[in-house]
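The structures come next, written out as structure tokens.
Both of the next two complexes hold subunit A, though its partner changes from subunit B to subunit C.
Take a look at the complex of A and B:
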């Protein structure tokens, strides 16, 4: 009763094209090629190159660079120095950004304020550092004003030390932290706060029990991005800091290895260590983020 | 019933107004609500009904007038000090808290002991029939269930006044009917005092003890559903109460409580809803149910049929008059498009109004 039909394999099931389309591969997928090539050439290859280079030291075994880094206090202390700058700056920026974001959320002229706040980003760290060098220096306005007011008798030492770099990182990092925070804060349905108010929660309770838990995941992301930015501090640490002492950050160690000792292998090892420290902090923060609610921050289903 | 709402006599709105810049969203609202009443604020969008509710809740400051709970002035208090329960249009459930935590939130903020919170949350859950759902997050609930949680959360704090802002507008038609009955049941079981904002006259008519019709920030009429349905005071209220035919003409005579209006040569006599001077423009409002195909003569309009749809027991048709004025009517039998018929209305079922201001 059944006729013999020579069914070729291709027509028996869905075609290869259909199978691929089912898994989300079609012609549009090719649009990812430029980005893939870009990241391959400019990120993956240099990273892999650096990683391998770091295991090919000038002298000694393949781990010699790392052994040298972790046995020399002058080198491994740079991790502490960098963390001592990056973590307090990031935390303080976040703490400052939250109340400002809450206020700005209600403002009509958000764009003007946002523009003002974004200026430090566009000016770049070097310009800000140069500006601060003058402003916070012994003959700068800041010290002169304080002295004129009689608040201090000698100029405060605010540059060429930890606090100069701290101030510079705070100024250049704040707009970035603020913009991210603002986007998370405005993403929360204001009806939730109103509901909290009608249920008897005062302003602090509303922040503590409604906003804060909903913002924590966003804060974690903001912290990570701001932290990574602060951790790679270089120009202000040199210009405003004490590059041989308290603000000898890890990027300075890498720079010196590469351009003073001409030891690219060692420099790569320092860069790898730097990346690993950042990664460890970011992973820790993102893991902590998993402890909080991460669903949509609106009251109803979307 | 252990959820016992606070005792009071009345809530008074005393000339409440609210401006947004140059816009008067509310103008001189005066309203007294007795304990136990279910009040519906009804009106089209932008009429100020939600603004009124937000002013009562304290989410919007009033720009004039005052609000009183018996002898206590409340419009100067912050929302958290008023203690009115509010149900939001989009429910505004805290997405990071489970159902029990959402319901217990208000009690926790008041520093109620944990055991007491658990007990009251249990009662609230059974009141809204959500036993066994307490551990779920709002995102895991259906729209109707979310609405029940929102209601439970608002009433568990035992508020003197429950405010509801279009609570059913996000639900599908079937669920809306179900929840409507639920809301009335909960109101009755608790002996609550409820102010309910809606733009749906069916909801207002079926739920409320009294309806307040708002338009452009002004109270147009306050009355029981029956009063509003049978005797709307203005044309716009009549429009809301289902008078779909609003026929413009000229008042030709007026005799006690009857006014005769001439519409394109035909004379329609109706009940005087608003007194209209002779010769002035007047509107005759007629429900489509009361406009029936009949014989020419007394109180009838001559029209041309456009459509006639079968609706089970009878036909609902649309037609137009010579001038193009459109009407909706009913007919016991099918009609051809283009047929000329006479639509008859009982004198007692037509209402005459002045031109709206």
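Take a look at the complex of A and C:
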């Protein structure tokens, strides 16, 4: 093997085509090029363009947009407003989704339930906002039912404030969180739980010591995906909320900069800040996940 | 299966089902409110409307020019489905069959538009499209909608293509088929169920895609969901029932396709984008 044997083929050498094919580049590989070019032009380039544009403000130094954002309470408060909506909603969705997913995983016929739950995701936030405006309004069926039951004497104010947006994020976010959680929960081998039960663990102990450690990575991803969805809330914050007050979320600030002030540089800066906050939370959650068990969750043989 | 028969376990199970029931009742009541209101003559301060009518549909149709909007919507959605199918399936085939340097980076590139919410990348994208003059046009709306749908088709199709035995393709090659013939005669028939499912999901998602269309659409290129947003936003100008009639038309448009889609796919696929990639 180590002897230097000059082969006759070595003088000609493999062609460039053969060399590329050896590394995995041939005609089939190049089928990926159109989609990759498309993604570069319409996703990577706009992002890079926006990032650079955000450092070229209409007036002032290169950091002027960011300085303006973090010195104007009307602007930097949008981060707090958005977090005040997104974090409680995401935590609540996850806390509700986990026990429901654990119950539904035992069901034989899940399809009807999953179909009903997929409705609000399919219909989208605009329709949910319009529906909730009627349903939760002072004359809506929700308040009417509560008053008939005698639980309240005056209609609750549930639209055009924080709670309207909260409800809409719950109605579109819960099915999303639930279906993701369900796919993680059903991915775990039930034999692990049965082994725990055989050894005398009760339901809580089985959850705490078998499922929870195995599900932690899945929960972290579910939390991140649900959180970024809630964090970028836009139509329901305008239609159902108080877009000049408590539900002036960061996407409203970005939209107003772009389409009301026509300051695309500022709008890009706000979009970059929005992306950065999302990234920071996602990285924090995924880093915290590293503190928990990592390993196979399917209980594979051998 | 493990059966818990203690009182605590039964109570817990009941509590969970009550929660699910409460959620579903509110969800269905919310949808029923919109439908009821769209057929109401006058509905103020009572459980049910005073009388019933269908005239709001006629008025919504003419007031909001729904005929034109529906045509634009289906043109946009049709274009998005065709282009994302062409770009997505070819790219998915390459990614499923070949291993090459930089593949993981490429997969990450296709994963990002699905993980980042549309409004975050939509604002820089809209800026670029306004600079190039594409925004406000039909093709601008199509281009913006393709950004998440092409990667979606790719990620749904990769596991589907991976499960097809490469020996079939090798056999076709032995008999002298070129890449094009291979696609048409061998791969297409095998991949058709997967492509159909992926494209139906793209269709349902594009009809409901609000943010991207909203950011780049002009007056002649807005889709139904954007028109609905403007109608709700300007509520008070028009009768609530008229807006609700439009909302019902939107619901019917979406739900017809959802029902068709559900014949071919599992509802959970609408949320969980693709099977988890196996760790390399």
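Convention: the second predicted complex is superposed on the first by the 270 of 302 C-alpha atoms of A that agree within 3 Å, B and C clash if a C-alpha of one lies under 4 Å from a C-alpha of the other, contacts with A are read in each partner's own complex, and residues count from 1 in each chain.
Going forward, a contact is a pair of C-beta atoms (placed from the backbone, for glycine too) under 8 Å apart; a residue touches a chain by one contact, two chains touch by 3 or more.
Given the structure is predicted, the values throughout are model-derived calculations rather than measurements.
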item	value
Simultaneous placement of subunit C and subunit B on subunit A, clash or fit	fit
Partner chain(s) touched by A:213 [first = subunit B, second = subunit C, both, neither]	first
First, second, both or neither for A:234, with subunit B first and subunit C second	second
Subunit B versus subunit C as contact partner of A:46, first or second or both or neither	second
A:55 touches, of subunit B and subunit C: first, second, both or neither?	neither
Inter-chain angle, subunit B to subunit C through the CA centre of subunit A, in degrees rounded to a multiple of 10	90
Touched partner set for A:76, first subunit B, second subunit C, both or neither	neither
Touching partner for A:200 - first (subunit B), second (subunit C), both, neither	first
Which partner reaches more residues of subunit A (counting touched residues only), subunit B or subunit C	C
First (subunit B), second (subunit C), both or neither touched by A:192	first
Superposed arrangement (fit on chain A Cα atoms) - minimum subunit B/subunit C Cα distance in Å	5
Overlap of subunit C and subunit B interfaces on subunit A (superposed complexes)	194, 197, 202
Subunit A residues touching subunit B - in the complex, by the definition given at the top	189, 191-192, 194-202, 205, 209-210, 213-214, 292-293, 295-301
Subunit A partner contacts - residues on subunit B that touch it in the complex	57-59, 78-80, 82-86, 88, 90-96, 105-106, 108-110, 137-139, 143, 146, 153-154, 157, 163, 170
Complex interface listing, subunit A residues touching subunit C	23-32, 34-36, 38-40, 42-47, 49-51, 53, 96, 99-100, 103, 106, 111, 113-135, 139-142, 144, 171, 174-176, 179-180, 182-183, 190, 193-194, 197, 202-203, 225, 228-229, 231-232, 234-235, 238-239, 251, 254-255, 258, 264, 267-268, 270-271, 274-275, 278
Complex contacts: residues of subunit C adjacent to subunit A	1-2, 4, 9, 12-13, 16-17, 19-20, 23-24, 26-31, 33-34, 37, 44-45, 47, 87-88, 90-91, 93-95, 97-101, 103, 106, 109-110, 112-113, 115-121, 123-128, 130, 143-144, 146-147, 150-151, 154, 179, 204, 208-211, 214-215, 225, 228-229, 232-233, 235, 240, 243-244, 247, 250-251, 254-255, 258, 262, 266-268, 270-272
